[in-house]
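Note that chain A is present in both complexes that follow, paired respectively with chain B and with chain C.
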Partner chain A sequence: MIDNFLLLVQNPSFALDVVLNGLLAGAIFALAAYGMSLVWGVLNIVNIVQGELVVLGGFIVFVAIGHGVPAYLALPLASLVMFAIGWGLYYTVIFRVVDKDLFLSILATFGLSIVIQQLMNTVFGSDVRSIDTGLGSFYMLGGAVTIAWIKVIAFVLALTSGGLLWLFLRHARMGQAIRATAQNPRAAHILGINTDRVYAMTYGLNAALCGAAGGLAVMAWNIQPYIGLPYTVRSFMIVVVAGLGNVGGVIVAGLSLGALENVAGFVLGAEYQIAFVFALMVLILVWRNWRAARRRAYLS
Partner chain B sequence: MIDTVLDRIRAIPEAGLLIGLLVISLAAPFVMPSLATQMAFLWLMVVMSQTWDTLGGQLGYNSFGNVLFFGVGCYAAAVVQRDSGLPYYDALALGLVLAGFMAVLFALVFGFALLGIRGHYFAIATLGLGIAAGELAAGWDYIGAGSGMAMPLYPGGIGSRELFFYFVMFGVATACFFTLRWLYGTRFGLAMNAIRDDEDKAEAMGLRTTSIKIVAWAISAFYLGVAGGVAGNMLGFIDPRDVAFSGATFGVWMVLMAILGGKGTLWGPVIGAVIFHITKELFWTYLLGWQRVALGVLIVVIVLFFPQGIMGWVEARRAKTGGQAA
Partner chain C sequence: MMKIRLAALTALVVLGVLGAGVGWAQADDMPVIKLGAAVSLSGKYSSNGVYTRNGYDLAVKKINARGGVKVGDKHYKLEVVYYDDESTPARGSQLAERLIQQDGVKYLLGPYSSGLVEAMAPVTEKYGVPMVEANGAAISLFRKGYKYLFAVLSTTDQYLKGAVTIAAHQAADPSKVKIAMAFENDPFSQDVRDGVLEDAKKYGMKIVVDDKLPPELSDMSATLTKVKLLKPDILIVSGHDKGAATAIRQIADQRVNVPMLAMTHCDSAQIAEKFGKAAEYTLCASQWAPSLSYSDDLFGKASDYATLYESTYHEPTPYQAAESSAAVEVYADAFTRAGSLDPKAVRDALASTDLSTFYGPIKFDETGKNVDKPTILYQVQDGKYVVVYPEKWAEAKLRAPTPTWDKR
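Here is the complex of A and B:
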């Protein structure tokens, strides 16, 4: 463990490799986190099923490409299918918990996450899946830094998808309705906005975003039915650090998390990376609560 | 019809009910020796759902990480039994006591860190505890890493092992039930409910809310840890991810059973555990690989349509029919 750490310190170019690869992964975390902050802000639900939506998106891309769909079409397709799934989930489960007790929504989305996780395990099997895009890698600093092209492409596409959604929320009529509902659902309702549809739309958009994130993850890294919860936890901590409705914060926090996680995975060993993610979330919450306690407030 | 049945049940004094259940439970493994292990697991389920309800129902703090204490108990007992060099029963007894206290230690440490956090932040903070512990245990060679730990063989004759562990688990469940029954009736129990109903007011009234929460969690962790030690011995083998820190089975079941029976009541979790366990044993095998999907569906359905649970439903009926207090 200490050896690994010294290795990083003594070889800055190697450290750069680890950090850069982590930063690239961070864009996908940021994308999923952006969706979570949207649902959290508008529906007031902490969406525990977030990670499973990401993984499901990944499997859709995996299956689509397996059936000969070109990669540039598979990604929008996954988003579209995930939008429909999100819309469906809203009208079967989520709408029942929108204005209920927060525990109820956490429990309900937790149950949903088990359903989707186990369905994926039954349908797609528990193997680790990834897609070889065959794009190769490029090298810097005489080969000390190796970066796969697909990771760069995934990074750019992740930020683009996030940017598109941001533009939609800013300028489209529906986007404005979503923001209005987030500010005050009652007032929005009185002014003629169909808040139920806004909620469904928001949840669908979140699922579409997750679908894109998962599709990029399966191409640049890999997926497996049981890695949903880590994605949920990552999204949650990014939102907690960045704050609701702070796009810049989400990107910065997402990229930092990606880099930090990759470094930790290297120093502690890859088998402890998941444990690190959960431990980091607990630390962030404890630290936040400690900061709040000094103002006689608390996290809730 | 159903109301008359409910009224009849209510008319039985609690002492009679308890004695009746005690007699049935003591006789059951002799009447149906082939089911002794399944019935022992029933008591494990009762402990799990009751200890979950201590925080989840009585205190209003939903924890998704209580399986941590179960796993810690499993491993603590296993390590003592492997390394102490004592005769079997001495090692088992020492191991179970230590299992309880290790779980308490974990509850104190994590409680100190996490129980100042409220509401859904707490729920999500506990979400990863069991999984993180499973990952760590799977990487630690001293406790067998990913290949788990085999428990020492039971020295008694054929058939006596099942009976022995049935009574041990029954003892743990009974002790747990009576401890919690006593606890919920004390001032401490009232303070717990006060925190659930309005934490700010409880604090303003001078209750040391964080300490109360930590102590409550530690008490539930103790029984869960001991039960974990017994369960490890019953199974004969501990796997870090699939037995000890199994969030997808035990970790979810305990939440489901408590909600099914009725959160925040003494008997609710017991009833929920019995119904869930019997249903599971009867029908689970017919689901052929869809068990865990069914489990998730069950959670969603119960949370959406039956969040008050069986006890809550009974209470609602009682209010409607205007039945007298027993």
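Here is the complex of A and C:
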């Protein structure tokens, strides 16, 4: 462990490689986390099925590209299809657990995640899927830093989507309705907002964002029906750190998580990479709790 | 009018029943030996589970077409009772219980994967029912003193020993060889790792990277940066299909230069088909290849088996199917030699198996593992999997060392 750390210190160019690759991965985590933040903030649901929506989006892109759809069209297509799926999921399952106990919604979305996993396994098979975009990589510092172009594209797209989402929430009529409902659903309802539609829209939007994240994941790495959970956990963690409805916070938290995770993987060994994510989450929860307690003490 | 219709209907039904009766009578000519199997038709092992079932079915069909199995002076037809174990060990052991208790099956064929064999073996052992398995290679299965468990395939610790040997032969001084390892943290891959470590120690090689990959792996860039930095002579990876796919993809993306790359599961992950040039030079451990010169009376040569499989299932022949077919052959041979259908007698006959099959020689040691068949190494050469090791079976010469990325 210490020797790994020394390796990084002695070879700063390789350290840069680890950090950059992590940052780029973090952008895709952030993209999936925007949606979770929205759903959590507006519907008050911790969406355990998040990771499966990501993977499903990846499969849609995989199938589309397999049928000759160019990659730049496959991504929006996946988002669109996922929006419809999200909308459908809302009107079949999710609307029943809005306003209910948190435990119920966690159970319901957990159940959904199992159903979607198995459906994906039946429809797409359990094989590991990946799309080679053929874009290659670029090199810096004598080959010490190598970054696949697709990861750069994923990074840019993830940040752009974040920006668009922010604009949408700020200025679009629907975005304002979503924010109003998040603040006070009852008041929003009284003022003529169809909150049910807002909920469906929010959930659909979440699924669409997940679809885009999955599409990028299948091009940058690979997917298989059972890889959803790490995406759910990472999204959860990013949202916990960033707070609800904070797009900028999600981006910062996502990128930091990606970079930290990759450095941890290098220094502690790959087997502790995910364990590190969990440990970090516990630390952050403790810290937030401590800070909140201090603020309460001040107020009283 | 109504009456006529009714009569016609009755006649039809009667005819149908009679017809079916005739059909049954014909099938009943030959008594049946029921084999039982729980295979993964859903869940994460579903593709390999289907290969397993295809292999069993193909052998059963072939044996029945040849006139069945001769036991004493009677001929029997083989039949397999299948259940789906959903790729979960708990379900597997329930189904073993069910096959034996409710369906009265006295001989089991194995499931797919070591984990499921591990779950089912205690049950078959308890009831004294033999299980011949073809897809559970973990060495730990054969350290438990099971008496009724037999495996036709080579155990996992053997998988990548060949790669270490090749690395040793390539080097002027084997003790200078540096090894980087990335193995998934699961029983299968850790067994493979044990085998590699054992041989690396023998040659006095140095392990410079020893990462355990998490099961939910899709990114190993941190490990690969380490490899880039420490410049090992050989990189060894094992993590099922996803490990193989991830490694090939990211080694190319990150332009990691290693003189030799060896891994498991490249054929089932279809690295040559899916990753093209990026997969070239990779060494792949395998249980079997259609190009080997093994043969038997039932299927003919290994290549004949592959032709038959491809024309039946319209896909390339996975070794998982070949070994599954071999398991059925082992049973057929044991039934005949036992001369009886008593599970104990069949078990003893299995224990003294000494059979040449299209899949390779099969002979069990006292723990039940096949000690007669070597594992082989393929190399991806010009988009094809070509056997390069052991030299006795090699189709082509090893291409080593792998050129650096700027020359590929």
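Just so it is clear, the second predicted complex is superposed on the first by the 264 of 300 C-alpha atoms of A that agree within 3 Å, B and C clash if a C-alpha of one lies under 4 Å from a C-alpha of the other, contacts with A are read in each partner's own complex, and residues count from 1 in each chain.
In this section, a residue touches a chain if its C-beta (ideal position, glycine included) is under 8 Å from a C-beta of that chain, and two chains touch if they have at least 3 such contacts.
These figures come from a predicted structure and were not determined experimentally.
Student: After superposition on the shared chain, which partner residues are touched by A:229: those of chain B (first), chain C (second), both, or neither?
Tutor: both
Student: Could you look at A:274 and tell me whether it touches chain B, chain C, both or neither (first, second, both, neither)?
Tutor: both
Student: Could you say whether A:144 touches chain B, chain C, both of them, or neither, answering first, second, both or neither?
Tutor: second
Student: After lining up the shared chain so the two structures overlap, which partner does A:11 touch, if you call chain B first and chain C second: first, second, both or neither?
Tutor: A:11 sits against chain C, while chain B stays out of touch.
Student: Output check: A:164 vs chain B and chain C. Expected answer is one of first, second, both, neither. What do you get?
Tutor: The answer is neither, since A:164 touches no partner chain.
Student: Give one of first, second, both or neither to describe whether A:118 is in contact with chain B, with chain C, with both, or with none.
Tutor: Both partners, chain B and chain C.
Student: Which chain A residues are contacted by chain C in one complex and by chain B in the other?
Tutor: Common interface on chain A, chain B vs chain C: 118, 121-122, 229, 269, 271, 274.
Student: Which chain A residues qualify as touching chain B in the complex?
Tutor: Per the touch definition, chain A meets chain B at residues 46, 48, 93, 96-97, 102-104, 106-108, 110-119, 121-122, 229, 232-233, 236, 240, 269, 271-272, 274-275, 277-279, 281-282, 285-286, 289-290, 293, 298-300.
Student: Could you pull out which chain B residues touch chain A in their complex?
Tutor: 62, 64, 113-114, 116-121, 123-125, 127-129, 131-132, 135-136, 138-139, 248, 252, 255, 259, 289-290, 292-293, 295-300, 303-304, 307
Student: What does chain C use to touch chain A in their complex?
Tutor: Listed in rising order, the residues are 42-47, 182, 185, 210-214, 216-223, 225-226, 228-230, 241-242, 245-246, 249-250, 253-255, 269, 274-276, 278.
Student: Spell out the residues on chain A that touch chain C in their complex, using ranges where they run on.
Tutor: Per the touch definition, chain A meets chain C at residues 4, 7, 11, 14, 17-18, 21-22, 25, 118, 121-122, 125-128, 130, 132, 137, 139, 143-144, 146, 148, 217, 221-227, 229-230, 262-263, 265-266, 269-271, 273-274.
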